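Right after this note come the structures.
Next, two complexes with subunit A in common: one pairs it with subunit B, the other with subunit C.
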Partner chain A sequence: MKKYNTFYSVPYVLWLLLFVIAPLLLIVYQSFFDINGQLTLSNYQTYFGSGTYLRMTFNSIWYAFIITVVTLLISYPTAYWLSQTRHKQLWLLLIILPTWINLLLKAYAFIGIFSQAGAANHFFEFIGLGAQQILFTKASFIFVAAYIEIPFMILPIFNAIDEMKPSLVNASRDLGATNWQTFSKVIFPLTLNGVKAGVQAVFIPSLSLFMLTRLIGGNKVITLGTAIEEHFLVTQNWGMGSTIGVVLIVAMVVIMFVTGERRKKGGQRK
Partner chain B sequence: MANTIIKFSGVNKRYGETMALKQIDFELEQGKFYTLLGPSGCGKTTILRILAGFTDASAGTIEFKGQKINDLPANKRKVNTVFQDYALFPHLNVYDNVAFGLALKKTAKKVIREKVLEALRLVRLTGYDDREISELSGGQQQRVAIARAIVNEPEVLLLDEPLSALDAKLRTAMQVELRQLQQRLGITFLFVTHDQGEALAMSDEIFVMSDGEILQQGDPVDIYDEPINHFVADFIGESNIVKGRMLADYQVEFVGHQFECADAGMRVNEPVEIVLRPEDLVLTTVEKSKLAVTVDTQVFRGDIYEIMSHDAAGNEWLIHSVRKSAVGQQVGIYFEPEDIHVMRFGESEEEFDARLESYEGDDDEEV
Partner chain C sequence: MKRKWYDWRHVYLWLVFLLLYAPIFYLIFYSFNQGTTMTHFSGFSWQHYAELFADTRMIEIVLDTLLIALLSSLIATIIGTLGALAIYGIKKVWLKNSILSLNNILMVSPDVIIGASFLIFFTFLGLRLGFSSVLLSHIAFSIPIVVLMVLPRLSEMNHSLIDAATDLGATNFQVLTHVIFPFITPGILTGYFMAFTYSLDDFAVTFFVTGNGFETLSVEIYARARQGISLEVNALSALMFLFSLLLIGGYYFIEQYNNSKKARRRNRTEARLIK
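And now, the complex of A and B:
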């Protein structure tokens, strides 16, 4: 038994070493070198000493927060409605489908839709609002980011709602709860883990969105993701790029810890 | 009836093409233990769900203390339900589960505490209030579910097969406890089960259901002793059912013999069905017997021997005997006239009751 277990774990361990552990170590290692290859802590000094980087950090967190809130507000009711429909697996598939299409393709599609003569502006003209500058605004950036992230929020929430026994809702109503009380005291607490998983799945990747900030946001929104890209590809300051990477990784760990499932106290008592 | 609490009149429930309930009429009196008994899919749970307000009747009226409640939402009804899967809230501990209904009504914290602890005491779970639901056994969860329902002091408690997930021994113990609880609280219980033993053990009154209809209503002894038709006889307990013919009042013929019986009020030579309960059949010698049979199989059940046998005409007879027999042996079976239960074909419950009343009245006059 034991031998087989070890054997089957080989791909996983290899993957972990090559694509998780090694890159992490490399990033941390790189972050201690300045642009001239000198071992130094100056990258961290620059980062925490400059208003620019701190503002970028704030921007990243702020936009990730807004994107998460927007997706949550759309996804929760959607997931709830989906779980009540008859052909829920079909509807769910239709929501998952767009995630199979390359992100870049979707971004370019939105450039087309939001451009000066795009479909969105045609519609605005039709309803009498006239053509607007849609592309390269913060609003369009949030819109497209939310569009891309929504399936990742709906899935865990849908699963949590779907797993919930329907008799619990009946029990709550039976005990005198109104629809709102049933939602706030039974349904929402029981689906909170799904919401947490969804928030993780949306917030963390949103921290380092860089392609959309450029293609859709027109660099109006500068996040840490944009900064990393600039440092690696344009200024070639790998040390500084790595430092920002380390900060992002730490931020992600913090988020995972905050939203992660914690054991209920007393759960293990005998 | 003065203290009628629930009344169903002409209730139908249609799911698409299928009729889950056909013309259900019944009344429940205050303070009694009622059981809806029937095989799965007979509509018993649908009645419960309609009464609790989880689903609507397609037609007919449901009255609570004389007031129509068809359109009253579930959270406004003075009934509480114990669910088949208990439906305890997994994110709340025992105390908060039981306190759920009271907390919604904005009851004072101190009152909630008193009532919850009292309810837990009633279901014998004192000291379990800060346990998590996942820490409890099936039987304990079941009792929390009961406590959570009765703490709201409902006028009617609905129980949807609450014992089906428990093992046999615990189930028997809970049957006794439920019955005692109902008598102590004095509220109406409507219990749903497919287990005839459970129904007979607990109920004041049983409704036997099949295929969306109530076939027979009566106290457990009536239902067991005077099943209205083949289905009820077969469903309630084990029975030997054979075809027969009424020769005259108190005279019946079956398996080629004439017997004295306790039934009357039928046409001369009317074809009927005869029910003989296996425990009413007594093993005896062929000479002293009313019917000679040959033993085919014998199974030891602990308290009794379950003997399958056949008579000369090939009819099978199931006998529950405390005495042992032997396979292949010729034995006699003996039964009293009262043990023969005669059932007419297609007799409705009203006709059945009227007929019983007519000749049982005669008996009284003779005495």
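And now, the complex of A and C:
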């Protein structure tokens, strides 16, 4: 099999080198050049020196955190109760279905719903709050981002709950644990890996949702992604954009490390 | 026992489903609006669908998007399947694990990072931005998902099957086409399918590498959404929703087919054992 092995690894290895390793190295390389093509550390100096970039990074992480918490609070009970329904695979399919609708179309729908005379304001008027400015606020950004991420949080949590042996829950109840104790001491710890996977799947993209900050947030929220897009496609300052990109990559690695499963040596989890 | 239908847990689930689907149906509902806003429904009409089908530019973009999705997922499936075979053949555990980690980089990277780094890469190579850069990017970000779908099937495969085939005098190529491929086909199909939907769904990466001349559907919708409401986009979203339903139906069918095949095979072996 040796000969064939080298034969079919060629395109794949080429892909690894050209589209995984090379672009990553290039983005790091580019971050050391200023807008005039001079080799310099000034991008990093600007980034860490001026409060603007650090504040933007902090804000972006803060928004991603809020989005993740909101998504988790909505998704965990959904996944839990979903796993107890009878046709759970069918229901799960219905949860996944909206993710197949193009993200831009969902954002576009909210432009209509949140507009001055839109459905959301009709509802506010109906319950006596009166019309509000909803579109182009921070709250609307968080709402729409959470809306988009919910299925990605439900899925891993659902799988974790589904894998859990029901006998453990029964044992806990038999031994006299209250519902809350069963949840906090048995169910939640056992499904923690699903929660971690969900947090990972929601938090990282939330740092880079530039289209939502533009369409829904009305540029009131600036995420790391918005800043990168701005530098690359609007101001054409690729060096600074790459520097922020490097920061985003570092943030990503940290999150993966914090939420990653620590694998025991030797045995591979299946 | 309480009556299940009044259970507040079900109420919660229904609310979540309502939240998930309301915006989509809102879009579709207003695609039939006689007027031009997404706020006042003034009467039923097909006019926005007529506009959509008369819009040759939009139709061209739809066809381009489908072409990119079909081509990129096909090529990604070929490279990804070969890659999975190569990874499967690696004996050293550390090497296998490091290649798998490299494989997953594009799966976990934020879209903007992939987009920006590909943009630098293509500019560095001097490649003109347009159809080819978009196609290459879509192939690149779809390969890892194909590997991840095919690899488990390969590991599930019983190695004695291969040994038996070689003992019976099959060449390497025959082993590949007659033993390995039939076994991993479900994984390959799922991989192709995922790659296809990844490509259709992508906005951010395409937005970075598309340049000026070439557009996919997501980029076009973004451009139109920034200008405000146009009910043609609603009509388009209704059609895309139907298309997704068809795709998911197709996916469901593949899964059912795989399962029933597996079940049939199991029944056959059991029957043989009983005999």
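The rule is short, and it goes like this: the second predicted complex is superposed on the first by the 246 of 270 C-alpha atoms of A that agree within 3 Å, B and C clash if a C-alpha of one lies under 4 Å from a C-alpha of the other, contacts with A are read in each partner's own complex, and residues count from 1 in each chain.
Throughout what follows, a contact is a pair of C-beta atoms (placed from the backbone, for glycine too) under 8 Å apart; a residue touches a chain by one contact, two chains touch by 3 or more.
Just so it is clear, the structure is predicted and the values come from calculations on it, not from any experiment.
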{"item": "Partners on subunit A (subunit B, subunit C) - clash or fit", "value": "fit"}
{"item": "Vertex subunit A angle, Cα centres of subunit C and subunit B, expressed to the nearest 10 degrees", "value": "80"}
{"item": "Which of subunit B and subunit C A:Ala131 touches, first, second, both or neither", "value": "neither"}
{"item": "Which of subunit B and subunit C A:Val254 touches, first, second, both or neither", "value": "neither"}
{"item": "Contacts of A:Lys165 with subunit B and subunit C, given as first, second, both or neither", "value": "first"}
{"item": "Of subunit B and subunit C, the chain that contacts the larger number of subunit A residues", "value": "C"}
{"item": "First, second, both or neither for A:Tyr147, with subunit B first and subunit C second", "value": "second"}
{"item": "Touched partner set for A:Arg173, first subunit B, second subunit C, both or neither", "value": "first"}
{"item": "Contacts of A:Leu190 with subunit B and subunit C, given as first, second, both or neither", "value": "first"}
{"item": "Closest Cα approach, subunit C to subunit B, once both complexes are overlaid on chain A (Å)", "value": "9"}
{"item": "Doubly contacted residues of subunit A, that is, touched by subunit B and again by subunit C", "value": "none"}
{"item": "Of all residues in subunit B, those that touch subunit A in their complex", "value": "52-54, 73-76, 79-81, 83-85, 87-91, 93, 100-101, 104-105, 130, 132, 134-135, 148-149, 152"}
{"item": "Subunit C to subunit A touching residues, read off their complex", "value": "9-10, 12-13, 16-17, 19-21, 23-24, 26-27, 30, 37-40, 78-80, 82-83, 85-86, 89, 99, 102-103, 105-106, 108-121, 124, 136, 140, 143, 147, 172-173, 176, 197, 200-201, 203-204, 207-208, 217-218, 221-222, 225-226, 228-229, 233, 236-237, 240-241, 244-245, 247-248, 252"}
{"item": "Of subunit A, residues touching subunit B in the complex", "value": "165, 167-168, 170-178, 181, 185-186, 189-190, 264, 266-267, 269"}
{"item": "Residues of subunit A that touch subunit C when the two form their complex", "value": "1, 3-5, 8-9, 11-13, 15-16, 18-24, 26-27, 30, 74, 77-78, 81-82, 84-85, 91, 93-95, 97-98, 100-113, 115, 117-119, 147, 150-151, 200, 204-205, 207-208, 210-211, 214-215, 224-225, 228-229, 232-233, 238, 241-242, 245, 248-249, 252, 256"}
